[in-house]
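Shown below is the structure under consideration.
In order of appearance the chains are A, B, C and D, and numbering begins at 1 in each one.
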Amino acid sequence: MGSFKGHALPGTFFIIMGIWWTIKCILKYACKKHKRTSYLGSKALFQRIEIFEGIVIIGMAITGMLGEQFITGGPHLALYDYKEGQWVELLSWHHFTMYFFFGLLGVANVLCFIINSLPTSLTKLMLSNALFVEAFVMYNHTHGREMLDIFVHQLLVLAVFVAGLIAFLELFIRTNITVELLRTSCILLQGSWFWQIGFVLYPPSGGPAWDAMDHDNIMFLTICFCWHYALNLIIIGMIYAFVSFMRRVQLRIKANYFDWSP
Amino acid sequence: MGSFKGHALPGTFFIIMGIWWTIKCILKYACKKHKRTSYLGSKALFQRIEIFEGIVIIGMAITGMLGEQFITGGPHLALYDYKEGQWVELLSWHHFTMYFFFGLLGVANVLCFIINSLPTSLTKLMLSNALFVEAFVMYNHTHGREMLDIFVHQLLVLAVFVAGLIAFLELFIRTNITVELLRTSCILLQGSWFWQIGFVLYPPSGGPAWDAMDHDNIMFLTICFCWHYALNLIIIGMIYAFVSFMRRVQLRIKANYFDWSP
Amino acid sequence: MGSFKGHALPGTFFIIMGIWWTIKCILKYACKKHKRTSYLGSKALFQRIEIFEGIVIIGMAITGMLGEQFITGGPHLALYDYKEGQWVELLSWHHFTMYFFFGLLGVANVLCFIINSLPTSLTKLMLSNALFVEAFVMYNHTHGREMLDIFVHQLLVLAVFVAGLIAFLELFIRTNITVELLRTSCILLQGSWFWQIGFVLYPPSGGPAWDAMDHDNIMFLTICFCWHYALNLIIIGMIYAFVSFMRRVQLRIKANYFDWSP
Amino acid sequence: MGSFKGHALPGTFFIIMGIWWTIKCILKYACKKHKRTSYLGSKALFQRIEIFEGIVIIGMAITGMLGEQFITGGPHLALYDYKEGQWVELLSWHHFTMYFFFGLLGVANVLCFIINSLPTSLTKLMLSNALFVEAFVMYNHTHGREMLDIFVHQLLVLAVFVAGLIAFLELFIRTNITVELLRTSCILLQGSWFWQIGFVLYPPSGGPAWDAMDHDNIMFLTICFCWHYALNLIIIGMIYAFVSFMRRVQLRIKANYFDWSP
């Protein structure tokens, strides 16, 4: 993962999931408000969507796990090199572990909507678990690196931890749309911050990395993190406006249809 | 912002907003208790007040943002000086970012009460976001400064963080007046502490700043912070008494009116 | 306060209040369970008790404040010595501030049960405020002291902070007896730990203080803190048993009385 | 406890309790869902089980306490050696204290289901107390040891603290099965991590302990902790599947029985 691509890949995954969860959450809220217009089959439809979502997450996790293991220089499933007497590529195993827990989330997602007797809050639990594990591993990930490197990863840990905390709180208290959108905004923030880390530490233009000892770089990345967040809030606002607009168009078409029907 | 005025301006903003929110909160509580005496149009009135409040907040935020950018020695919207190869006036950009998030709060306030389909908890969310961002930026704001400077800013971060935390908790649990007053007391504390910071670091009398290396100054500022809080609690108590008194007078006048009416 | 007496006084106050709150809380729980046997006037009685409690707390706070100010070597209400150019006895002012906030708690207690329109949760709020302020001041209280001194005060801060946190959580969520007893156990722990600090730092026997640099002393005080807590839990259990027993006796006497009455 | 056995013993206790609580929690959930099939005496049965559970916990605690005291090299109930002028075997007293609080949990468990007037949340309270005390003592347990030793104990503290936090939150909010399973997963994690500590610090094969100064060992133990957790989640999933399967078999047998009965 010590490359631009290694940071862009999880970044892209999180951005996709963040946008998708935002859309799903807004759609559910809109459907709840206009109950009368919901299709008969909408519950079955949502169930199928959830299962599909689970499969996509599993796919992403497996992509990540295989990529970490079998990339050039990866550990190729070897954990301990008995000849050399040392651990093999522990950082790749770190990333492998994080992907694995997101894989568990996908499995829980699929199981939860296939087997009815399972409590639906299981998905939330596995999401918060996956995020907490990610935060925990990331926190213990940068021993002995340089100041800038540690700082950008700490900000990542902050975003991941807050997302996990909100998912954890949702276990206890009945959810409302604001809290869910707050969570997806943290997921989006995490995704876009992964890209930012890639640009800072491994500039794709081939230029040198940023000066890791310059205090001003840290001062700038502090507000850069906030701007990412502001941007993500604005994107969520635009998605909200767009979904609401589409919903209204759909309702109007349907209303017209009923007007025409005898 | 590295001046007395730069600290007095946000301090004044927060004191005004703190007092206003205190009054609004107590009025709402009083209205709820005496439901029968509420005017028919009171809901529409409150809505108009909220929109006005949002516009005032936006105004304050824009004042702050422009002030930070175009003051003498400000960055004038330049972020990176390519000739010198360094960032331009990052501290001003820090303050700019904080004001910007309060601007978003104002926008959310206006949108929330114009568009009915938006959840009303959005305002709370944006308030807690703005406060958390402020705490986060403040926390990363004082790298390499002196002990006293760091300490007074840490106390500010404490007040801001607690206010943000309470606003965040209000998202989850139905509010009651005590919790809301606790939040406004933290906002007031923040405002009066901004003034205190101005007096400590940039004495307006033109005298020298306090000795930044004297432990006794830190010991004193610790209790000074508590006294600010006690003072704010007493001010809130006086506002409460005054509003309750005015309310009772108003009810008596109305009662007399109804007695006179046939 | 830098003496055995200065730690025994607040310790005694907290032990008295802790035991009293425990009894009140258990009595309320018992009364709630056997509603039919509650006196008609019990609500008025409880109100009078609350007011009396408030007055006692105010009395304790004033005792503490005057003691801190006018003891030999105290600041005698002088804050800054302009001749010497230094602060006067800041540690005494620290203690003064803590007592003052408990005085505010007493005032709130009295006001709350005299004026009906005030929300009853105000008492809880002021209690959590007083405890948080105490924890905050204690935390900034031991700059430049020795290891053992800092450690015993940190444990005190822990007990105070947990008590404040529980009082704060009670603001949000409807209370139950277990949580209230947990809070009183923390208050009791604080009281008995004050005594322990007195014995450790200022042995009343006149012997030398404990060796502040011995790691073993810290190891011992760690478990000593837990034993204090265990002891307090057992005391609360005994109070519970005693109150329940007295209650049952009272009910039996009353039942007999009704049997005898025609 | 400074041996492999001293870590294996509490590890085994926690694994047994973790598995048992998992089974109990799933059974209760299954019983609640199929209310009609519950035996008339099931409540009395559960009560007897709880009392038995309490007695087992007391037994475990006493085993641990006696083992710590009377093992070769233990303190044999002596706390202070007046001849040498030093504390006796404080680490054993630390472990003794932790076992003692779990003993209190057992006592509360028994009392709660014998005496009806006690609130049932008392058990939860004592559980969270026992776990918090364990985390607190563990945290202050490793002064002056080596990096690896401190790190593995810190991870233990993390698991214990999270378990305690969840038990504490359950005091406030009505429980659901997901949260309870999360708690038992933390208890299981604690148990299996005790074994891991034993293997790392006191290899039973008699070989040398791991290199305490190798950063790679810490990097590995970070993910090893996550793998323990993943394994425990999978074990809980398997228990869930097994219990659900047995439940279904039982229901089918009963249904057949009713078919046969005239």
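Here is the rule we go by: a contact is a pair of C-beta atoms (placed from the backbone, for glycine too) under 8 Å apart; a residue touches a chain by one contact, two chains touch by 3 or more.
Protein identities per chain, from UniProt: A, B, C, D = Transmembrane protein 45A.
Given the structure is predicted, the values throughout are model-derived calculations rather than measurements.
Trainee: Touching subunit C (Transmembrane protein 45A) and subunit D (Transmembrane protein 45A) alike: which chains?
Mentor: Correct list: empty, since no chain touches both.
Trainee: Please flag the chain sitting at the greatest distance from subunit B (Transmembrane protein 45A), going by CA centroids.
Mentor: D
Trainee: So if I superpose subunit A (Transmembrane protein 45A) on subunit D (Transmembrane protein 45A) by CA, what angle comes out, to the nearest 5°?
Mentor: Angle of the fitting rotation, subunit A (Transmembrane protein 45A) to subunit D (Transmembrane protein 45A): 90 degrees.
Trainee: Whole-Å distance, subunit A (Transmembrane protein 45A) centre to subunit B (Transmembrane protein 45A) centre, using C-alpha means?
Mentor: A distance of 33 Å separates the two centres.
Trainee: Indicate the whole-number Å distance between the mean C-alpha point of subunit B (Transmembrane protein 45A) and the mean C-alpha point of subunit D (Transmembrane protein 45A).
Mentor: Chain centres of subunit B (Transmembrane protein 45A) and subunit D (Transmembrane protein 45A), defined by C-alpha means, are spaced 46 Å apart.
Trainee: Which parts of subunit D (Transmembrane protein 45A), given as residue numbers and ranges, touch two or more other chains?
Mentor: 173
Trainee: If you connect every pair of chains that touch, what shape comes out? Choose line, ring, star, complete or other.
Mentor: Ring.
Trainee: Determine which chains touch and list them pairwise.
Mentor: A-B, A-D, B-C, C-D
Trainee: Tell me, which parts of subunit C (Transmembrane protein 45A) touch subunit B (Transmembrane protein 45A) in their complex?
Mentor: Result: residues 86-87, 90-91, 93-94, 97, 100-101, 104, 117, 119, 121-122, 124-125, 129, 133, 136-137, 140-141, 143-144, 171-173 of subunit C (Transmembrane protein 45A) touch subunit B (Transmembrane protein 45A).
Trainee: What does subunit A (Transmembrane protein 45A) use to touch subunit B (Transmembrane protein 45A) in their complex?
Mentor: Listed in rising order, the residues are 29, 33, 169, 173, 176-179, 181-182, 215-220, 222-223, 225-227, 229-230, 233, 244.
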